[in-house]
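Order as written gives the chain letters A, B, C and D; numbering starts at 1 within each chain.
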Amino acid sequence: MSVLEGKELRIIGFLCNWCSYGGADTAGVGRFAQPTDLRIIKLPCTGRINPLFVVRAFLNGADGVLVSGCHPRDCHYTEGNFYARRRLEVLRALLPVMGIDPARFEYTWVSASEGQRWRTVVEKFTEQVHGLGPIPAFNSGTCLDACLSTAISSAPAHAAIGETHGLST
Amino acid sequence: MTRSRYAYYPGCSGQGTSREYDSSTRAMCQDLGFELIDIPDWNCCGSTPAHAVDHLLSASLVARNLAIAEDMDVDGIITPCPSCLKNLKTTQHRMLRPEFHAEVQKVLGRVVRADLPIKSVLQVLVEDAGIERIAQESTAPLTGLKVVPYYGCIMNRPPDVMRFDDPENPMALDNILTAIGIEVLPFALKTDCCGASLGTTRRDVVARLSGRVLDAAAAAGADAIVTACPLCQMNLDMRQAQINKANGSHHRLPVFYYSQLIMLAAGQLGERIGLDKLCVSPFSLLSSLGSQTGEARS
Amino acid sequence: MNIGVFVCHCGSNIEGTVDTAAVAKAAMGYPEVVFATDTMYACSEPGQAGIIEAVRNYELDGVVVASCTPRMHETTFRRTLERAGLNRYMFEMANIREHVSWIGKDRAANTNKAAELVMIAVEKLRQNTELTAGEFSINKRVMIIGGGVAGIQAALDCADGGLEVVLVEREPSIGGKMSKLDKTFPTVDCSSCILGPRMVDISQNPNITLHTLSEVESVDGFVGNFNVKVRRKAAYVDWTLCTGCGECAAKCPSKKTPDRFNEFVGTTTAINIPFPQAIPKKASINPAACLMLTKGKCGACVKVCPAGAIQFTQEDEIVTEEVGAIIVATGYDLFDFTKYGEYGGGRYPDVITSMQYERLLSASGPTEGHIKRPSDGKEPKDIVFIQCVGSRDKSIGRPYCSGFCCMYTAKQTILTKDHIPDSQSYVFYMDIRSPGKGYDEFIRRAMEEYGARYIRGRVSAIQPKGGRYLIKGVNTLMGDQVEIEADLVVLAVGAEASKGAPELAEKLRISYDSYGFYMEGHPKLKPVETNTAGIYLAGSCQGPKDIPSSVAQGGAAASKVLGLFSKDKLASDPQISSVTLQRCIGCAKCQSVCPFGAIEMTEFRGMTKASVIATVCQGCGNCTSACPQGAIQLSHFTDNQILAEVNALCPY
Amino acid sequence: MSATIQTKSYDAAFVSAVRRESEQDLALCYQCGNCTAGCPVSFAYDFPVNQIMYLVQTGRKMEALSSHAIWLCASCETCTTRCPNDIDVARVMDVLRHMARQEGLVAEHSIHAFWDSFLSSVEKYGRVFELGLMASYIGKTGRVLTDADLAPVALRKGKLSFKPHDICGVAEVRDIFKRYREHRS
């Protein structure tokens, strides 16, 4: 199985369990129609997101990655989303170096009550990614993405995570 | 205060029925250090008829003036007339939509950015000059004069387009008039409609609506009404006789433009202030004040 | 591993726009899937039986259910697995209802998406390991935040259930909004007569500790073991000595002090007891108004206080309370109508709020229950009531219906007629919302027996007119404009979230909606729960409610706490972090990012290693993201588990 | 009053046209009547403004477009300012006038005539020429005595000039009208 050829692009969503996943549910309960591209991976907290998850998604062919958590100060774990913001800001800065258009990456805050807002976020981001089209393949790129990709493909996952030292905190 | 340059849009009535508003406004701005440069060869914004007939036509007529002003190296466009102001700002607001912007340029036949700040003279007076400044200028405060401030309906409506003062209880005029020694009475009809352009076509409507304003002003114990709108002023002043006739009332309330009173309080008199252009003569009222202005008149 | 996949129709909810059979068929192609089927209602009795049967027949060691959101049925199915003899964590859910069938019309796209979500679930499950919950003991005390009628009910029910209760109230007295009401609908019985005794019960119940004039400062810990710091604000009176005799208030010279309890109708003294039935009946000083505290001279109260209780030097004090559960009952506030310029924006003295009117009606109010105009103290004859002030109004960010205004307005017209027989009430309404027991009959009585004139339409402007007010409205049923001259205008102001509600939510780590009302666990099935274990809601803090509903929720929340405390130990969530010692380099990054201080650095064969305090870890996984070695991993959300999902979606 | 059969009276094309032209969604209107309550000209209307909105909501094109109300609206923006659902009611009234004009359903001829005279004055001179405007208006309506009482006053006060204030760029203004007509045709 893969994306519907021509119709969809590959968009991955990393959502925290308490706010944004709930917001996506609220949107569903409200029957707020959305584009079908997005595939959601549920995490306890955006603080659990290691930037390498996002990088891995891109290097493996994701056309867009959306991260969504609780509003600042509304985090179920008090401050997980602050750590996430810091890490993802660093990541955003690094994406161009890896030859990835930062517009393919978005992180936002949606609470469990904001079904409408979630719909808008999904519509906007999907449109944005479709505007950019499919991500170019990563066969020969900058030396950085070369070594990153080898690091990730060769080493077992947790070791690869080791490479993210700089991004971690 | 940094001396600001503004493109000035007088509006058609400024050349006709509200000459005194135009001239006293120019005088006032000069005194307060605004540099007004008329938008060269400006055209009528189409007023109510244009937007009542077609929004594209209305916007295109406005846009010609915007386009000319954009070549002028000014801080913004200002106009004394709320009706013109509404057309200017509404056009700018609607042109935020790219499709509409394109349509307008097509009809206008030239490029227009529609990005210059657009304000009423009243707004720049409050924001650039400031109440204190106006108070300082008033060497001959009009103490003893009791007025109601009449803003008219569209000076700050709709709020999200006009973005100035409170749409239900505006205070700009109140504050200015108080600053020049005038007693401003509380007035509930501040923003009620006078009947506007229906004056010619449906006199009955204006008689009723402007009648209410005159009645309320009299009931409040005002010696005069102060306006910031040519159309309001015309309906209340020039048509006051018509209204009295229609309603069996006997009002003789002078209807000033605020700019006239500011100049009066600044000890300025004569042609530019154009008190003699008011249909309901204010002179007996002014002389009764016994203030130096009064004596100067009598 | 043998994996079974069950794709739910949920009647037509999913099947309507997803080909569940095709999804099941696709699932058969996924690694280690030995059984896949579609099923009508996976959560139903036969549905669950089908899962158990399949587990036995196909020797499954893991199950994926593709149906609704895990927030709905994850626990249901985990129990099913346990009944089938599997570990409850050898289970994954694919949310193909809220995230697929309900948000997309295109059946082909939905089916494809659903199949992919199932694929992620399978790949995740392949990485799952059996987890077993530990146990921890709980502190069977409960804190109730908010002493309105909901909080009072919850406190009394918990105390009667044998629990130790700590009741925290922001104001000097408990009683909340209800204590300000004169009468209650639809029975028109006296508010303080029915609430008063309950308030007394609170003060007399040995199981209840009462902190009034107090606010929650901080909340630490988790279900079973919360640690709450409460700020007891200075009353400048030693309440252990104060007898509530009221001598101080009688002698206090600053008589022009704004009267909060009376909604600022009339004034009070700087030192006062807010109202006769106040609990606790203790005096407190308003520091902003007290001459001694502002100017350093006076002290009249000190001279007259027989108990010598006045203490100008008193300071705020922080009290720490250990509790196992918290009930939030912080209520609501009233909409600030000054946002409506067309209603005078607060400039007209005789345009008042419905709550101010209650105080005018109340025998214990500033006018001893005589209706008098604030401006001149005259008795009004023509009174206009305007409904939906701050309700159902998008333009000022209050699109919701406050629910109770229709009812209290009807009540107020009835009381008005009782107080002033020759008066006439007019009510401008948009719709009448009276869906309670005996409610609509009550509205009818207001019109039929008490002659209140209801006008269907909104009011556009209120303008002063010769000492009275001109109300310019519309009668939409006739399509004409209405002008009424009235002596008094009462605005039926709507409800909004209590001031500071978001800040408190952040301390409690519960979520709130865009208006500041707290989010319940599930709109239908978990009305008094929150998504934070051990924290419950009661009353209007969750959304506008009338008295009966608030009382019902108070009781409901109490029963939830009693249920929680019925066990001596709680099962701990095994989805927590653990350290692989060989990999840990003792850099303490994990410790520095842990929001809960759940990580301590320990010595292991002479080397520093991180170790997780199981009972403290809340399972956010922040440490796992921070660890440069991948040494500390959050169970059930390990790097490998998440990357398995990513790889499944992004194959090359 | 004869019964209106909703299924037949609902003109979907009209409803969507109003929505498109005004950029306002009348589904948001819950008929509180606030627009009517504050409308200064309501006393002169055949349909109060909330009923005009209702006619649009229910797709009753003919009644809406042939009403007098849409012409009498003074564009004072009170309704727009106070609508609890943030509907720009005045703009909808404008759009209805535009449509009525296109459909040749003009209920208030004098107003229609005044606007035409006004605009043709603008088209002719670039700015409004009051005397010319009045003359043309009187010509169109035959209302010989319109404001006859005002003219002398205005003249004495030097507020009416006998010669039009025409501008150099009048050709540009005429082109605007020309291109606008082409664009609309």
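Please note the rule applied: contacts are C-beta pairs under 8 Å (C-beta built on N, C-alpha and C of every residue); 3 or more make two chains touch, one makes a residue touch a chain.
Computed from a predicted model, the values in this text were never measured in an experiment.
Of the two interfaces, A-C and B-C, the higher number of touching C-beta pairs belongs to A-C.
Annotation: 32 Å between the Cα-based centres of chain A and chain C. Chain C and chain D have CA centres that are 50 Å apart. Multi-chain contact residues of chain D (touching two or more other chains) are listed as 43, 78. For chain A, residues touching at least two other chains: there are none.
Contacts with at least two other chains are made by residues 342 of chain C.
Applying the touch definition to all chain combinations yields A-C, B-C, B-D, C-D. For chain B in complex with chain C, the touching residues are 166-169, 186, 188-189, 219.
Put simply, chain D touches chain B in their complex at residues 40-41, 43-44, 72, 74-78, 80-81, 88, 90, 94-95, 97-98, 101, 108, 110-111, 114-116, 118-119, 122, 126-128, 130, 134, 137, 146-147, 149-150, 153-154, 157-161, 165, 167-170, 172-173, 175-177, 179-180, 183-184.
Only residues 26, 69-71, 95, 97-100, 102-106, 108-110, 112-113, 115-117, 119-120, 502, 505-506, 509, 511-514, 519, 523, 531-532, 575, 583, 589, 592-593, 595-596, 618-622, 624-630, 633-634, 637, 639-640, 642-643, 645-647, 649-652 of chain C touch chain A when the two sit together in their complex. Residue ranges of chain B in contact with chain D, taken from their complex: 12, 15-19, 41-44, 46-57, 60-61, 64, 86, 103, 106-109, 153-154, 157-159, 167-168, 191-193, 195-202, 204-205, 208-209, 238-239, 241-242, 276-277, 279. Looking at the complex, you find that chain A touches chain C at residues 1-4, 7-8, 10, 12, 18-19, 21-22, 24-25, 27-29, 31-34, 36, 39-45, 47-50, 53, 56-57, 60-62, 70, 73-80, 83, 87, 111-114, 119, 156-159, 161-162, 164-165, 168-169.
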